[in-house]
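Encoded as structure tokens, here's the structure I'll be asking about.
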């Protein structure tokens, strides 16, 4: 009888320990973009393409502004459309040599052969996604966005200092809380909610003056969730998501796209594209 | 033919609980300074009658007069009537969360508006007179049954009632404690307190009462001078009741 | 037959032996059970990991001041809600206990109120009041903008229902003869309630009341869903940022520091109530 009891106890404790182990083990691997620095043979003629002579780029259907304007990626209008053509140009393709296809978000980074050369679809670079697909170096790191009610006294804020007296709400477990505390350092203790529903509810109810989420979420909330709200701006904060172009696992093209993105970043062109399409939506807020 | 109005007068009072008739037309008169003893078996209606007189129960029919004034009229405020009567219960019913002194002064202070100092002074005087000196600060559960019942009587006297209703005040006591309570009641009688005494203590009833009423099944079956009732009862039921009492050694 | 002294001695010796054996068994079994449990846990393959994620001294030390600051909010909220509940609940209980026909509608409302509030999870009421009342758009700004008020109101409503039932049980437990005695000395119904019945009822329900307050002390953490950074939320934030659960342990310790002494007070009160009742029965 005592023997049985002890083994039951052992099993229970083992289960307990295992859960703790698994829960912790997962978080150790940090997401890092694939950076293989082999000698680059990125001559246009040598590239292994899905369709020779044509660069096949994928995005979601439908695609939304400000990433793609009017669901027409071929126009070059919209952030990801513009980034795609800039990468193409870096690789030596003309606009006419770029073909667009549509791929649903979830199958972009699913393991297996791809029908595209690369995909731009706001895909965050994450360790588990890298098991099934390649990522270029990041072309975008999400900043934080500030959303207020249209009739709020803070709707006209142009600097972070203007937001110091605002009652700000965020969702627990996101990077937004640290971002707000470190960058804005508001006078009123930030309200922390369980999920984005509650955050939005609080904003709609006037229980908070402003909510802070990563900018893509802020854009979504403004356009689809909180009617009549105003996105007063964005600000840089550590811990944002990195978005990378998705390629087939171990694709020869990956280092070339990474090199192209790096080159765009170094030349400042990436920054100006970002400013043109996303900055127009959400002006960059600074401290005064 | 006396011109004086009785302190208490009960006329044709009936009371039922559902189908069960407890009082079937009771008549009773209690003159000033008189003590009337109610005797009879358990369930004969003695307690109910006292509770009806104190307006703790609503009567079905008949009238009760206090100093010639109808008190059982629905328009008559019960609280005012109860303030003029004192009722002592078989089970004492002291307030267990209050000290002896607080038990006694509660009613004078709250319902008669007597200032605390005055109420406490007269309460101490009364308690002292009934041998309860030094127990003022005790809680009821620290006292013997006899002491508790004496406190209960003092509590009833504290509002200077016109008449005192005693409901089998010794029935819950151990035999050796009965005497101290009875001698207290005897003292009250000597001081001229008007009383209605429901009791099982026949010897006591015979000694103290001016009149004895035998209640049987909700009626006053026989009444009269104590000496006559106990020595020569007229009704067979009275004789039977008294015989049983003698058998159990209560007389 | 004069064997009584021997018998008594033998009986006492047996009793002593029995008591001695009892304490030895208790001591040995405590050591074996607790020691064995500790050994088993510490020697388990996952122990180091558990220790690191649940019992990290560094994380505890770093997170404790923030969690404590959050806990102060819990304590303040608890004290205010408790005071409000004590008064409101007595009112509800008295309304439900009266027989006056004129009060029928109020009595009905009080009955519906307690039935509903007792039957609904506290967290739902906190959500409903916390997000629902501001959504109506009729509440004043000071109320809308302070989750502590809204959360406090929600908790007060729930616990008023629980505590009102406790009070009502207490009122019912006071024997009708006490009311009769109070009326007989000339008190009015209201005076009888106020001076005789309520004081006795309240005394009797102190232990169950304290029990409800122990759960209230824990349930104040539910107000976190409305945004304020109380102890549990602070611990959650801290735990999420470095993937370590130790801050929850810090919060749990703080809750225990309040609830354990409260529990001991409950025990003592219950023992006292039992003694008192025993005494009353004995006389």
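Order as written gives the chain letters A, B and C; numbering starts at 1 within each chain.
Note that in this section a residue touches a chain if its C-beta (ideal position, glycine included) is under 8 Å from a C-beta of that chain, and two chains touch if they have at least 3 such contacts.
Note that the structure is a prediction, hence the values are computed from the model and not measured.
A.B. asks: Considering only C-beta pairs in contact, identify the chain pair with the most of them.
C.D. replies: Top of the contact-pair ranking: A-C.
A.B. asks: Look at all chain centres (mean of CA atoms) and spot the one farthest from the centre of chain A.
C.D. replies: Centre of mass proxy via C-alpha means gives B as farthest from chain A.
A.B. asks: List the centre-to-centre spacing of chain A and chain B in whole Å, with centres computed as mean CA coordinates.
C.D. replies: Spacing between the chain centres: roughly 91 Å.
A.B. asks: Can you give the whole-Å distance between the Cα centres of chain B and chain C?
C.D. replies: 47
A.B. asks: In the complex formed with chain C, which residues of chain A make contact?
C.D. replies: For this pair, the touching residues of chain A are 6, 9-10, 13-14, 16-18, 20-21, 23-24, 27, 167, 169, 172-173, 177-178, 189-194, 198, 201-202, 204-208.
A.B. asks: What does chain C use to touch chain A in their complex?
C.D. replies: Interface residues on the chain C side: 36-37, 40-41, 44-47, 49-50, 52-54, 131, 134-135, 141, 144-145, 147, 224-229, 233, 236-237, 240-241, 243.
A.B. asks: Quick one: in the complex, what on chain C touches chain B?
C.D. replies: 177-178, 180-188, 191, 195-196, 199-200, 203, 276, 279-280, 283
A.B. asks: Under the stated contact criterion, what part of chain B meets chain C in this complex?
C.D. replies: Going through chain B, the ones touching chain C are 51, 54, 56, 78-79, 82-83, 85-87, 89, 91, 93-97, 106-107, 110-112, 141, 143-145, 155-156, 158-159.
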